[in-house]
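In the two complexes below, subunit A is the common chain; its partner is subunit B in one and subunit C in the other.
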Partner chain A sequence: MVADETRNLRASLRRAERRRTLRGLGLTLPLILFTLVFFIVPIAGMLVKSVQNGPMPDILPQTSALLQPWRASAERGVPDEAVFAAFAGELRTASQERTLPELATRLNFENAGYRSLLMATARRLPEAPTGTWRETLTGINPQWGEVAIWAALGRASTRVTDNYLLAALDHRRDDNDRIQATDPSRAVYVASLLRTLEISGIVTLLCLLLAYPLAYRLATLPESTANLLMILVLLPFWTSLLVRTASWLVILQREGPLNDALRWLGLISQPLELVFNRPGVIIAMTHVLLPFMVLPIYSVMKGIPPNYMRAATSLGAPFFTAFRRVYFPLSLPGVTAGCLLVFILAIGYYITPLLIGGANDQMVSSLISFLALQTLNWGLAAALGTVLLVITVALYFVYSRVVGTDGVKLG
Partner chain B sequence: MTATNDAFVTFEKVRKTYDGRALVVSDLDLAIAKGEFLTMLGPSGSGKTTCLMMLAGFEHPTSGRITLGGRPIDGVPPHRRDIGVVFQNYALFPHMTVLENVAFPLSVRQVSSAEAGERARAALGMVHLQHLAERRPGQLSGGQQQRVALARALVFEPKLVLMDEPLGALDKQLREHMQYEIKHLHERLGVTIVYVTHDQGEALTMSDRVAVFNEGKIQQLSTPRELYERPQNAFVASFIGENNAVRGTLKSVGAGACEVEIPGGMLRCVPIGAGGVGSGKLVSIRPERVHIVEDGASFGNVMPARIEEVIYHGDHLRLRLSTMGMGDFIAKVPNARGNQRFVEGGELRIGCDPADCLALDVPTNG
Partner chain C sequence: MKTNIGRLVLVAGLTTGLLATAGAAMARDLTVTGWGGTAQAAQDKAMFQPYVKETGNKLVQDSWNGGIGVLRTKAQGDSTWDVVQVEADELALGCEEGIYAKLDWSKLGNKDEYLPGMAGECGVGTFVWSTALAYDKAKLGENGPKSWADFFDTKKFPGKRSLRRGPRQSLEFALLADGVAPGDIYKQLATKEGVDRAFKKLDTIKKDIVWWEAGAQPVQLLQSGEVVMTSVYNGRIFAANNADKTNFAIAWPAGFVYQVDSWAILANSPNKDEAMGFLKFIQTPARQQDVANVLAYGPTLKDSTGQIAPNVLPYLPTAPGVIEHGMSFNTAFWVDNIEALNERFNAWAAQ
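Presenting the complex of A and B:
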């Protein structure tokens, strides 16, 4: 009896709640779908792309399969005749089905010059071997007798690869598939990542130093004055990023107003070099990102009742002690949020360093764009993006572990 | 007790204005004795909280002087005044445990952490919260938070404790309970307490003396009993407790007695205030001092009245009467067995003792 009644009660509660749940879902569904389609899916796509190996297993299925035991062997020579035969057969098929250029592009990432080797070989490939297929192919081009060429083919023969991720970290697999550091003259990615982290770190720190006192002042001022000042903080938001960056270019240049003013004040005799170098990038990025630091800190500070400071003072704490022990810890969630926000935005910055920075101030995002748009190496571009993502997520976890996750409040 | 020379806290001609025009506190003089429980009572905006904040050091008098223990404190920053403050909504630090909160005043005074912990625990024991020492303030109920705030304000043994509407956020029952608790702490510790509230019940039950504030001035400063039974002016009479204010004109004044002409008769009253014969008076009569005249009883003043409304209050009945030119004269009669006979429209006679009729001056601003 009682159990029945409870069940009935639950059922009617569910019915009553269902309408509300549906309405709530209806309101949030567009955003959920939008996030899913334009955020989650592209990121997942990028993650997949960074380990996706390319078309070889589909275009040369038999060769790919035959290459696996060869790759597993400890002592690698040139593969045996069966591999050569399968390769020659599938090369001809691919040539007829016009899938060869796709394969050539992929193999060219492994070894510059692979494209012409492959295309030339396919053109001159006879119907039947003269002697063995190995002799035939090495006859067409002696490179087919080299382990390196086959090792490159082997690296492309799987569906999943760590090549791009290794490359993004300035490492590669050698002809025996052992991981090795890239030749220092070609190692650019780690340096670029470190530079990105360094610039982002400095910008975050500068933003924090500028924003914290400002937010404190805003939070303690009367509402009307605070609103006026807040407009000044938000003003940059209402201007295009490009315009702001361009105006920094004007302000900071050798003959620009800043150098003129400093010289007029007698602070410097020679104009400072502030554009096309690191200081310029940092100044402009700090300016652009400052509101993202001010707003979360301000919103957290606004929620700290003024009575807390008064209470601390009345209990015997001088202003700075009260601030350090009561106000600052309570404002930390805002600091955390602001730092995360600015750092994450800075890591992906692209336009400002491109316009104001020199060759040595380019961030990893400009490399990504170069790889994706100029060399069409989507795998490597995606791998760099993945590394960036992993670093960001790792930093978030370290940071929230240090500062405490419960306090992170974005806005 | 009120003599200025042995006063612990004094306000001398203190004025405070925020905008340079309106005085929030005007020419305030007040002396508080050591160990006294003084309550500042008044409606919001009457200047009582401003006085408290000036004492704590968060506001500064525009002119005049405040002394503490005989020394002026205007130049002393709040953190060196050694005054414990209990704030409205408690202001407990949410990122510290209860124990850390209570130990805070000690740790900023460089007391060793072992001793600070010990004294903080003792202070928590005093408010019966030792078992919650490791909790965060957010996990406590309002009453518990209130007691933590109390322990924190007392732990460093301040000479003076200020309380700004400390019970305002609690429900009625808890508020009454906390009133007793604060009162007993005061008796046990002998600390001087200045208490701000707009709740007259709180003021009357807890205080040694009450200062009634209105418009930046102290309207009356006296013991709770005197405040209720001998209000000095119409504001105090109407602000403290329930009050019937009957308008009339002073006809004659004798020694401690006077006659006031009211619509439909003459009332014998106690004269209070400066108004002479012929001036307007407000006669204050408390509803519980109004009696229903039975046969054989005799009162100094007897008036006819008509019952407009009977309001049932459980332990007593309130009668809304038409009498002495008023349509809303309230009489409070005990809910005794015989008193069921009151019905709307009924005629009766009410009586009251001349000592319970106070002829007060009509306030100048109406």
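Presenting the complex of A and C:
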């Protein structure tokens, strides 16, 4: 009897426990799914894309296989007839099956003009060779008798590649697959990554300088006044990014209100150049991102009891000493969270530099968008994203070591 | 380039929704796909509605936002589109790839009635838009720039000037300013020396260039006095002068780059004959003029400028005496070289 009851009790307890777990899971499931679908999967996809070579092993399988021993040979000449013959056959098939454009696009990443070379060759390819296939192809275009095009095909012939990651770091492989620095006239990606980090760093710093005193004031004011001021902080937050960016364009332009006011005050005689350059980008981005700094700092400061400062002062500490040794350390988690938030948002910025910046103020995201949408070079776009991700994660770790991210509050 | 994206998406969404419900109910009618927005509205009024009224045939409209990838998908799967309006690069790439049906010109009319290069084996040009040199007549009066050399002359015309950010239509204009004949521009750009020469020319006014990104920007830059002259899409100048009563002028004789939008028939269309008939019907001088009068995009038929409203004529790239100054945008060149030259442009900008 007693044993039965214990068992019943245990069973119902377990059931209740399971129900609770299920309910908990059910409540968090949407978030887990959301994170998985919109965060983990795309990032994993990006990482995979950055080393995925392209369609050549599927479109030209035989040629790809035949090129491997050739790539391994120490001194590379033009490949032998077997490769030419296999290539000619597969080129015709690809042309008929309409997979050639995809391959031609991929090959054009290796060298501008290879897309046309491939398409034009396929158009003029005869059924049977006149002489050897090598003679036939070089007859169509002499480039087929050079090592460069075969080296490019060789680089495209594997499933996995480091080409894109190398390119994102301004390096490429030469005709013998040795890694070399990209020609300075075309080396843009490292500079653009550095520029992105520099702009983001400056914006983060400016946001911190502006937000800290503001948050302090908000946290120490009486509730009603603080709430009113808070609305002023949040107001731009609720306005569309595009509208805010466009407004800055109007305010900062040559004949804009800011320059007019400065001239009217007699502070300047010539209008200042504030748009289509770096200062404009930094001003606009700082404004747009400021709430992301104010809110975390404010929320942490709200939690610091005013008694601490009072106690420190009553024990004889001057205000600044009390602030430095008591208040500031307590507010650090907010600062950390704010800086991380602003910096991470800033490195992905796109629209603001696009509209307010000059040609030399474009962040890496504009290059990524160009590659992804215009030239369909998703490999390089993904590689740039990957490099950016690695840098961000590395910076985060350094930062958390130096400043510490314990107790970070994001709101 | 031509339309409000938001509106376009809305139209596209609505039409796709309508198509999805309508498609189940009936066999497929001739489906014509344009670029939505004001352009398609003008085409609907001047071309599509008369076709339905006069032939009694049915016609379904769809709209899209360009992209060769979309066309590749359409060409592979079940056919949903018959006639589609494409830009020059989509026409060239798609023709190369066999996405479009080869046009039967015996059914379409006379190729010679078209301006050179606007009647091809895969597409029939429907209007011409261009990137040209414009300035504010209210400020410069009759002494505006006459050439791209003037654009690069900061002594004669002090102040900032604006070009579209990136190598496209800035390298071409730099070489024009440097005295290269329009016919030789792309030959020059295909060589390293030619590209060097273009960037060297751009160097001379590097500090004075404001780079624009969206098509609406150059007009705004002129309006606010930020720049004295700019490269701009001709239709934007027409729209600004109409809507905002500005007095902007286009310096056509300086030279300009034009691109043709064409109608193409998809190779997997089951309605090819009907599509040919449709194209023959809509491609008449009168109907092209009706569209041009609304959009200021140039008609492609030679004798299509007779009935153009006098207030539209100064904005038309294909007006008599104007088209001769233009050069056709070289799609094949840019498809091959855009990535390399964009890198070069960014490296140059960072110097």
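One rule holds in what follows: the second predicted complex is superposed on the first by the 384 of 411 C-alpha atoms of A that agree within 3 Å, B and C clash if a C-alpha of one lies under 4 Å from a C-alpha of the other, contacts with A are read in each partner's own complex, and residues count from 1 in each chain.
Heads up, the rule we're going with is that contacts are C-beta pairs under 8 Å (C-beta built on N, C-alpha and C of every residue); 3 or more make two chains touch, one makes a residue touch a chain.
From a predicted model like this one, the values you see are computed outputs, not experimental measurements.
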For this session: Sticking to the clash and touch definitions up top, decide whether subunit B and subunit C on subunit A clash or fit.
Result: fit
For this session: Considering only touches as defined above, state whether A:R15 meets subunit B (first), subunit C (second), both or neither.
Result: neither
For this session: Considering only touches as defined above, state whether A:R178 meets subunit B (first), subunit C (second), both or neither.
Result: neither
For this session: Considering only touches as defined above, state whether A:T313 meets subunit B (first), subunit C (second), both or neither.
Result: first
Exercise. Touching A:R401, do we find subunit B (first), subunit C (second), both, or neither?
Worked result: neither
For this session: Measure off the angle at the C-alpha centre of subunit A toward the C-alpha centres of subunit B and subunit C in the combined model, and quote it in steps of 10°.
Result: 130
Exercise. Can A:F370 be said to touch subunit B (first), subunit C (second), both, or neither?
Worked result: second
Problem set entry | First (subunit B), second (subunit C), both or neither touched by A:M119 | second
Problem set entry | Per-residue touch tally on subunit A - higher for subunit B or for subunit C | C
Exercise. With both complexes placed on chain A, how many Å separate the closest C-alpha atoms of subunit B and subunit C?
Worked result: 46
For this session: Name the residues of subunit A shared by its contacts with subunit B and its contacts with subunit C.
Result: none
Exercise. Any idea which subunit B residues touch subunit A in the complex?
Worked result: 56-58, 77-85, 87-89, 91, 93-95, 104-105, 108-109, 152-153, 156, 162
Problem set entry | Of subunit A, residues touching subunit C in the complex | 98, 100-101, 108-109, 112-113, 115-116, 119, 184-188, 191-192, 195, 250, 253-256, 275-276, 354-355, 358-360, 362, 367, 370-371, 374-377
For this session: Going by the contact rule at the top, pick out the subunit A residues touching subunit B in the complex.
Result: 305, 307-308, 310-319, 321-322, 325-326, 329-330
For this session: In the complex, go through subunit C and note every residue touching subunit A.
Result: 69, 72, 75-76, 93, 96-98, 160, 165, 209-211, 213-214, 217, 224-226, 332, 335-350
